[in-house]
Amino acid sequence: MHAVRVNGFPCKDPMAVNTEDFFNPAMLDRPRDTKNSKVGSNVTNINVINFPGLNTLGISLARIDYGPLGVNTPHIHPRATELLTVLEGTLYLGFVTSNPNRLFSRVVKKGDVFVFPKAMIHFQMNLAHDKPAAALSSLSSQNPGVISIANAVFGSNPPISDDVLATAFQVEKKLIDWLQSQFWENNHY
Amino acid sequence: MHAVRVNGFPCKDPMAVNTEDFFNPAMLDRPRDTKNSKVGSNVTNINVINFPGLNTLGISLARIDYGPLGVNTPHIHPRATELLTVLEGTLYLGFVTSNPNRLFSRVVKKGDVFVFPKAMIHFQMNLAHDKPAAALSSLSSQNPGVISIANAVFGSNPPISDDVLATAFQVEKKLIDWLQSQFWENNHY
Amino acid sequence: MHAVRVNGFPCKDPMAVNTEDFFNPAMLDRPRDTKNSKVGSNVTNINVINFPGLNTLGISLARIDYGPLGVNTPHIHPRATELLTVLEGTLYLGFVTSNPNRLFSRVVKKGDVFVFPKAMIHFQMNLAHDKPAAALSSLSSQNPGVISIANAVFGSNPPISDDVLATAFQVEKKLIDWLQSQFWENNHY
Amino acid sequence: MHAVRVNGFPCKDPMAVNTEDFFNPAMLDRPRDTKNSKVGSNVTNINVINFPGLNTLGISLARIDYGPLGVNTPHIHPRATELLTVLEGTLYLGFVTSNPNRLFSRVVKKGDVFVFPKAMIHFQMNLAHDKPAAALSSLSSQNPGVISIANAVFGSNPPISDDVLATAFQVEKKLIDWLQSQFWENNHY
Amino acid sequence: MHAVRVNGFPCKDPMAVNTEDFFNPAMLDRPRDTKNSKVGSNVTNINVINFPGLNTLGISLARIDYGPLGVNTPHIHPRATELLTVLEGTLYLGFVTSNPNRLFSRVVKKGDVFVFPKAMIHFQMNLAHDKPAAALSSLSSQNPGVISIANAVFGSNPPISDDVLATAFQVEKKLIDWLQSQFWENNHY
Amino acid sequence: MHAVRVNGFPCKDPMAVNTEDFFNPAMLDRPRDTKNSKVGSNVTNINVINFPGLNTLGISLARIDYGPLGVNTPHIHPRATELLTVLEGTLYLGFVTSNPNRLFSRVVKKGDVFVFPKAMIHFQMNLAHDKPAAALSSLSSQNPGVISIANAVFGSNPPISDDVLATAFQVEKKLIDWLQSQFWENNHY
């Protein structure tokens, strides 16, 4: 651990910085494969984890690809607002507010913009049965984080007690146990 | 709308401020009833909504009462870290991190302190079959907000499309529909 | 002036908010005309000025269209970092640091990402003689502002004293006067 | 110095973090001894100094125990608002504002809440002649700091010139010298 | 109350702003009278209270004049660091840190710079018996506030209970009562 | 690299800090030489670069000396508002706003104060043909940065493409080339 760090991430000597530190060949124009995803979506993150030059700059990106009827399941970004631009296709998307739990949802099409305020639960779904869709999202943090709700609740390691979850979801414990035994895929890279 | 506002909340004329603006007879020493709660818990909030003098001061409180085996179900505070002190009883509590979804959980007893970092999914449960428990939580915002996960996902108004939720939770749509038809109680006041 | 304001911008009553407040039919997929621009570029802003729902959310967007050899001239955003994604074509772009004045420049192509740190002077140019180019930029403020250098220096209203500018640019005052008599187009909308 | 630091405090590798980092067996339910305190009070701090997991989280706690007629003498927290909950007994408490120096004071009892805005001079006193009292305070910083006024003014090391203090307090220098020769106890741990 | 407000202060319509909003004829070059001050000093503030254009800009000024042996008594600025430049004369100045209460003091002369970190108790004194002194201070807030320690403690309105102060200062209550009966001048304008 | 760092700058062990860390013998009362400056001005910075104790404190200073008709050429501070006090002489000064490019300019004299909001292009000029002038500026960051417009645009290393600059300034490329071949002095130390 021999380098200066800011926010826990590396901070290069200013004299050693060069143009490549501000560049990322992210290939954001290219569709990603969604066939191997159980939920039919694939999120490509461009943030401080893989683009260290963004540290302290307060912004990052994600490209989201959706297969036919593919879903980017309900999730939150604990440290960022997300501003989504539809690149291709037609999406049903929305977010749920803090108490009371109002849903603001809508169908949006190519070229439209929609904003998910910081730390609100939100989702998107490709409405087409036969075509992919894609979006480019801007996030107001270099390190937004992501918590997929179903995965965090039913797929954590170790699992949350099924007593807690049975009460929370108003179902039998054996349903909780069954849910916890499923494979909870991470579609955010 | 005749008053000055800061953060959208009222801001009194400094010369009109008096001691009562900084005081709240919150009766935080008194157990709240948990019998009418389906999940067996009751959260009493003391924040800018009912204590306007906290505006801009960056702090608030909540007293949480738990009946026997009562649960404060998985939820997030989008704008606050929560620092919980156990007032009475023994709790099982924890939170789940952003990807990867690690669970940090523990049994805590009277006098112990545990911290839930901002916007992480967390919960508590009273482990006793026969006694109540209680906690006092400090929150790092005068307006922390609360999003109960099960309620926001299955009890929003209007409901989230069951296509999205069936994919997200890897279950049949009819189970989603049944969940959405339940009553989703708000235990945070 | 009958509404609540935050940051000087309108803040709607939470109960009056609806889905359309979070939506903008920005048509960001459609090329804008660059023929009427003297510099050959056209910037379409999506920020709190025309999308009030972004207020307090700390993010905004801009689509930039470039005609053949079109230039988005050197400028700064006083309140935002800019993260640019190339939508179409090949650009020469760069920014200049604070003392010492190092230039970090590069040729970037479709799908690449480049970041301009907050308040640094930056520019882009379409390298193609015969094709348009386009970019989508994310900005880390809902109200980033823009100061085009040549316009602000030579096209302000009223003009800056030519004594100041002749000394600053090391040229004769009559050249300054000639520059100040030109039309300084605003290509940011 | 082999570890990453944030705010000058240690920042563990995320993969090395475990549940105990978020837990503190603070025994906040247990009264502390006040007999050895000249001012009759004892403050137990739970902040980043003894609970490193609070770093960057913006919150901390203090339990305050008061003997009969015990006083938590006038002091400031330079980096935090304090939200006090009375755990036991009856307190006289207050704070003084910036110019003009208005005092906002009040008697508060078990279960009441009172807020001391950031960096204002404040104090509490147990009004009972025969019983202890206690409070639990929430502070809006993981590292609030504390400056006891009398101690800082008369007990600093080295001492402030008595010329300055005689003028400030409008008394003879020999009274200042006598005050500076006293033992100024630190009741904040 | 018909205007937009930000931070509780007026925020002009951008189109109504003019050069005079950014200007203050503060006459900071002119010595102020210190003869009518009991402590021999006079502080002239230039902040958002009398220079509304500073609102949101995070900076303000104060000119401090000292008569022979005049003192700017121990005080804090709850919302600002102070960076002092000596304009004329020789000063003894210092500040006391949070626990432990270390004093950092020094003699400084014309042209020297000294910094008092935010919310620390600090003071200055003119060491000359026969000449005035003066300083220009920069403060890191448009609304720094000032709390003169002796005034706030002994001159508040209404007074703090003498029980609290007798315990805090380790003196008899009658001395406290005598101190509270004095006139506590405000030398900050 | 063996020391703790905050913001990339050294952060001393609190126990090793001493009075000299808060002091700078800046000689801000002494005029600096302006004869060797092509633009007739000389800026002496007192910030975290040469006064490490200012780190995290959010404030810094600059003394600006102007020879007869000397100019502090148009520049921006990317991270600070500047509050200027005229120490000596009469200045013409101003700044240009973001779109639209309005100039707010004025003649100011000894003792006057003028504010340049964060990241706006601003300048000053000594109006006297035969006398020096001087100003003391307060800046709302310990590390404000400075970007002199003409230098950054025409004197960067390596140079910006003359295609970009010819389009931006609406002049022939050979004029750009000539400008880029000049010596661009840095008058900020």
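Which chain is which? They are A, B, C, D, E and F, in the order written, and residues in each are numbered from 1.
Basically, contacts are C-beta pairs under 8 Å (C-beta built on N, C-alpha and C of every residue); 3 or more make two chains touch, one makes a residue touch a chain.
In this text, all values refer to a predicted model and were calculated from it rather than measured experimentally.
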{"item": "Labels of chains that are neighbours to chain D and to chain F", "value": "A, E"}
{"item": "Maximum centroid distance from chain C, chain identifier (CA atoms)", "value": "D"}
{"item": "Over-half contact-pair match to D-F, picked out of the listed pairs D-E, B-D or A-F", "value": "A-F"}
{"item": "C-E or C-F - the one linked by more C-beta pairs in contact", "value": "C-F"}
{"item": "Between chain A and chain C, centroid-to-centroid distance (C-alpha), Å", "value": "28"}
{"item": "Chain centre separation (chain A, chain E; CA means) in Å", "value": "49"}
{"item": "Inter-centroid spacing, chain E versus chain B (mean Cα positions, whole Å)", "value": "42"}
{"item": "Residue numbers of chain A (touch at least two other chains)", "value": "5, 94, 105, 118"}
{"item": "Touch relationships between chains, expressed as pairs", "value": "A-B, A-C, A-D, A-F, B-C, B-D, B-E, C-E, C-F, D-E, D-F, E-F"}
{"item": "Touching residues (chain side chain B, partner chain D) in the complex", "value": "17-19, 22-30, 46, 51, 53-54, 57-61, 81, 83, 85-87, 94-95, 104-106, 108, 110-118, 136, 138-140"}
{"item": "Interfacial residue positions of chain F with respect to chain A in the complex", "value": "1, 5, 7-8"}
{"item": "Partner chain F, residues of chain A touching it in the complex", "value": "2-6, 11"}
{"item": "Sites on chain B touched by chain A in the complex", "value": "38-40, 69, 71, 73-74, 76, 78-79, 92, 94, 96-103, 105, 118-121, 123, 125, 145-161, 163-165, 167-171, 179, 182, 184, 186, 188"}
